[in-house]
Amino acid sequence: MEYRPEELLIFTIAKLLENMREVAVGVSSPIPGSGALLAQALSGGKTGVTVLNSRTLQSLNDGASELFDRAAQGRIDAFFLSGGQIDGQANINLVGIGDYPRHKVRWSGSFGSAMLYFLVPRVILFREEHTRRTMVKRVDFISAPGVSEAGVYRPGGPSHLLTGLGLFSFDKARARFRLQSVHPGHSIEEILDNTGFDFDLPETLATTAEPAPELLRLLRTMVAKRIKDPYPEFARIWPD
Amino acid sequence: MEYRPEELLIFTIAKLLENMREVAVGVSSPIPGSGALLAQALSGGKTGVTVLNSRTLQSLNDGASELFDRAAQGRIDAFFLSGGQIDGQANINLVGIGDYPRHKVRWSGSFGSAMLYFLVPRVILFREEHTRRTMVKRVDFISAPGVSEAGVYRPGGPSHLLTGLGLFSFDKARARFRLQSVHPGHSIEEILDNTGFDFDLPETLATTAEPAPELLRLLRTMVAKRIKDPYPEFARIWPD
Amino acid sequence: MPICDLAELVSLIPDGAKIAIPPSRSGVAMAATRAIIAAGARDLHLVAIPTSGIQADILIGAGCVATMESAGVTLDEFGQAPRFVNAVKSGEIRLMDSTCPAIMSALQAGEKGIPFMPMRGLIGSDLLTFRPDYRVIENPMAEGADPIVTLPAIVPDIALFHAPMADQNGNVWIGKMRELMTMAHAAKVTLVTVEKIFDGDLMADPLRAPATIPALYITKIAKAGNGAWPLGLEGVYDIDKKGFSTYAKAAKTSDGFADYLDFGTT
Amino acid sequence: MPICDLAELVSLIPDGAKIAIPPSRSGVAMAATRAIIAAGARDLHLVAIPTSGIQADILIGAGCVATMESAGVTLDEFGQAPRFVNAVKSGEIRLMDSTCPAIMSALQAGEKGIPFMPMRGLIGSDLLTFRPDYRVIENPMAEGADPIVTLPAIVPDIALFHAPMADQNGNVWIGKMRELMTMAHAAKVTLVTVEKIFDGDLMADPLRAPATIPALYITKIAKAGNGAWPLGLEGVYDIDKKGFSTYAKAAKTSDGFADYLDFGTT
């Protein structure tokens, strides 16, 4: 069955969220949000999902601190972060390119990353654009570090990096990514050409699994309907 | 005009609360509560009053921490504390008599005293029973100290001690009470006989001012009506 | 399904649990308290948020309590809490005496998942003397010396309270009793009794949603009509002064208390 | 009398004030923001609680801002905040970059009148490098080494926001936008615009009282219908996407922004 590139990413995210009790998704994240909702559907509703800035897909009612308090309480098992730059040690930069504070390029800011990256056990880095501009040797500004020194309280951190080209897993002890699979239609060479940092290669080349037809149907009906509340524009990729 | 002993105390409290912006009154405090309401009436409503556990005389709606947060924000100018024992350095004991923890006599506990005594600028100690049992040389347990060492953050503290026999002012620098006035019908000798701690005597003996008839009328109408909500039993001293 | 019966609800409280309980004016789960006694709970660590009354007293009298952490235990206008006072004097319970704002701040530290919260005051109090877990540090923001107390976070094993209503999804409406929200946020397990089940989704009701604890924080809910009796429940019913004074009188002696436990609640 | 007109409301904001402003989804006082610009405010220190968007961008573009403290400034689906980005690159404003929970915790420290709040995370981030006011201490509760960040309290001179309604007594109903309660508690002066005046006492209404900021915390209130426009106000009206995109396009250049200020709001 034919599928869109976004659908492969959503399906891949849903697989990374198996057996999660509670998943939270930040702002401007339609693909992670759809992935979380697909994971919830596949879990039979066991996986809870909080999509920020949604009216129907969250139960926050104690102000802008509640999501972070929840994370610190250990009530959030998985979260998504991104970066204008992401480097090989999983450091992320949401602030800008060049020297702080007068960056050459300035982005919005670090949002909750500098705390959630430490406290949420499974943080999935997600950035569709996989180029040497986004996947860099060393970020210009560390909004949140990929790993911490021994002694620093850090129950959470990065588990995977998903891009438009492939899926990496992250080894915290070695502070290094390992390529886990390459998306259909892409190659290891393409990934090597477009990645500014070193990473480990798998022993055998895997291709990212494609979504089965029944999953695509679930995604295009149930998930498509629910993601419309926070992301009506994005949901148009699935016409009614 | 005839008046009851409670009415003298209420009137004396109201005078101590002149020009206060916001007065808070803790639980089990009908006389301080009535004094605060009389002060409010005399201020033409400028003095705000919060009476804990009242339905109509407070606006707390953020849980059991709000009163203390308000005090720490500097929003409460005056508060009342009491003690099973009060000593000459204005230390108060709300916990028990004898050695902690297996006291010979055990009271309820320290409630908010150990914080409010530090942060509220004008704390009025109020205890009707004035005997060597209550006014002691040294409290057996310091729920909250009357004075603090230099360097300890303490914008607040005791200003006066009002008992059934007289009114004392407190000198924080010297950590000593000075008798300010003796209630009508009582004497300095009676106070000396019934006080376990040393205190300074005034240069001339003053008698606590008695409430004027118009104040008694205000107290018996407007204040009596309003204090009924938190203290219906107490309000019976003023039949409708 | 979050809704169960009272016996199942209290079966989730293991012996030795650290249980947060609200102040007497604010949603005390008295029906559940009687069920806890009936189930024979032992060695509980009660944390009053920040004070308690008849609830702590009856649990102490029934021998369920090992540790009492509070800023005050009192029967208010009905006098001292007699079983609490008796247990203190006899040394039957371990005391963790505190002051109201310290307990609230420590619970908020629990809510925020931080190891401690600083608080002004307390220095020079004997409360601090007998609480080695309260530590004085230098304020890291100050230029000169500025000692300040730090309080370890309270993370209750159980939060237990009574509320006006819950819905079938497990959301619980608490009105102005905001300390109940903090308790549920901070606790590992939250057990709630309610007067009634609301027909609809509390979180979808714009007037009720702001004062509703989302189901995510709630472990189990049992219906218990008049469940705060003999205490009152704000906006629903007042304290039963006659019923309360029956307890206050009976509890003055061990025998009277034992009789009350046997017959007083029927 | 707490109710006044919009010009009087914004006249209470002195140049150089530290102003707390809410996130874009949560009661942004845009009508008051335009009045601030009209009044020619200067050197404001904006504290976004914890993020901002069009409100910070338009104030920065109009030259009212000296310092921007936030965890993010963005026009969301309409892209980067162009006047903010321009001012950062040109060095016109001082930045105090942070992370959402740090701003919330610091504001809660302001609410609690404590000098600082500890928070997990941040260590190893360049946010910490550029915030010398954020200090790392050893957790006083830990046995071994356990570094933890402490954040100085945020005590805003002014809290400014827009809410659905207030009553004649000065109580303000905020619904689920609970950060507005924290802002009012922490700030020295709280200025509020509202859609309408509620006929009655919000604090006496059992359904509205729990989500009402008591008048004690409110300095002045001005009525401003559609006062969050072009942003939305939860439960009242949605964002005006057309109106918003007009701003987003105009603000891409200095000239476009100047034209918008002159004509775009009429």
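A, B, C and D label the chains in the order they appear, each numbered from 1.
Going forward, a residue touches a chain if its C-beta (ideal position, glycine included) is under 8 Å from a C-beta of that chain, and two chains touch if they have at least 3 such contacts.
Predicted model only: the values in this text are computed from it and were never measured.
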Going by the touch criterion at the top, tell me which pair is linked by more C-beta contacts: B-C or A-C.
B-C
If every chain is reduced to the average of its C-alpha atoms, which one ends up farthest from chain C?
A
Separation of mean Cα positions, chain D and chain A [Å, integer]
29
What is the distance in Å between the mean C-alpha positions of chain A and chain C?
40
Report, in whole Å, the distance between the mean C-alpha point of chain A and the mean C-alpha point of chain B.
59
The positions of chain A in contact with two or more other chains are 60-62, 65, 72, 119
What are the residue numbers in chain D that touch two or more other chains?
105, 108, 112-114, 119-120, 146, 148, 176, 178, 181, 209-210
For this entry, which pairs of chains touch?
A-C, A-D, B-C, B-D, C-D
For the complex, give me every residue of chain B touching chain D.
22, 48, 59-62, 65, 69-75, 119
Considering the complex alone, what residue numbers of chain B touch chain C?
27-28, 53, 60-66, 68-69, 72, 94-96, 100-104, 106-119, 141-145, 148-149, 151-153, 233
Could you list, by residue number, the parts of chain C that touch chain B in their complex?
22-23, 25-26, 49-51, 70-74, 76-77, 80-81, 84-85, 88-91, 95, 97-102, 104-105, 108, 119-128, 130, 144-148, 176-182
As the complex stands, chain C meets chain A at residues 111-114, 171, 181, 185-186, 203, 209-210, 212, 214-216
So, in the complex, the side of chain D touching chain C is made of residues 105, 108, 112-120, 133, 135, 137, 139-142, 146, 148, 150, 152, 174-176, 178, 206-211, 235
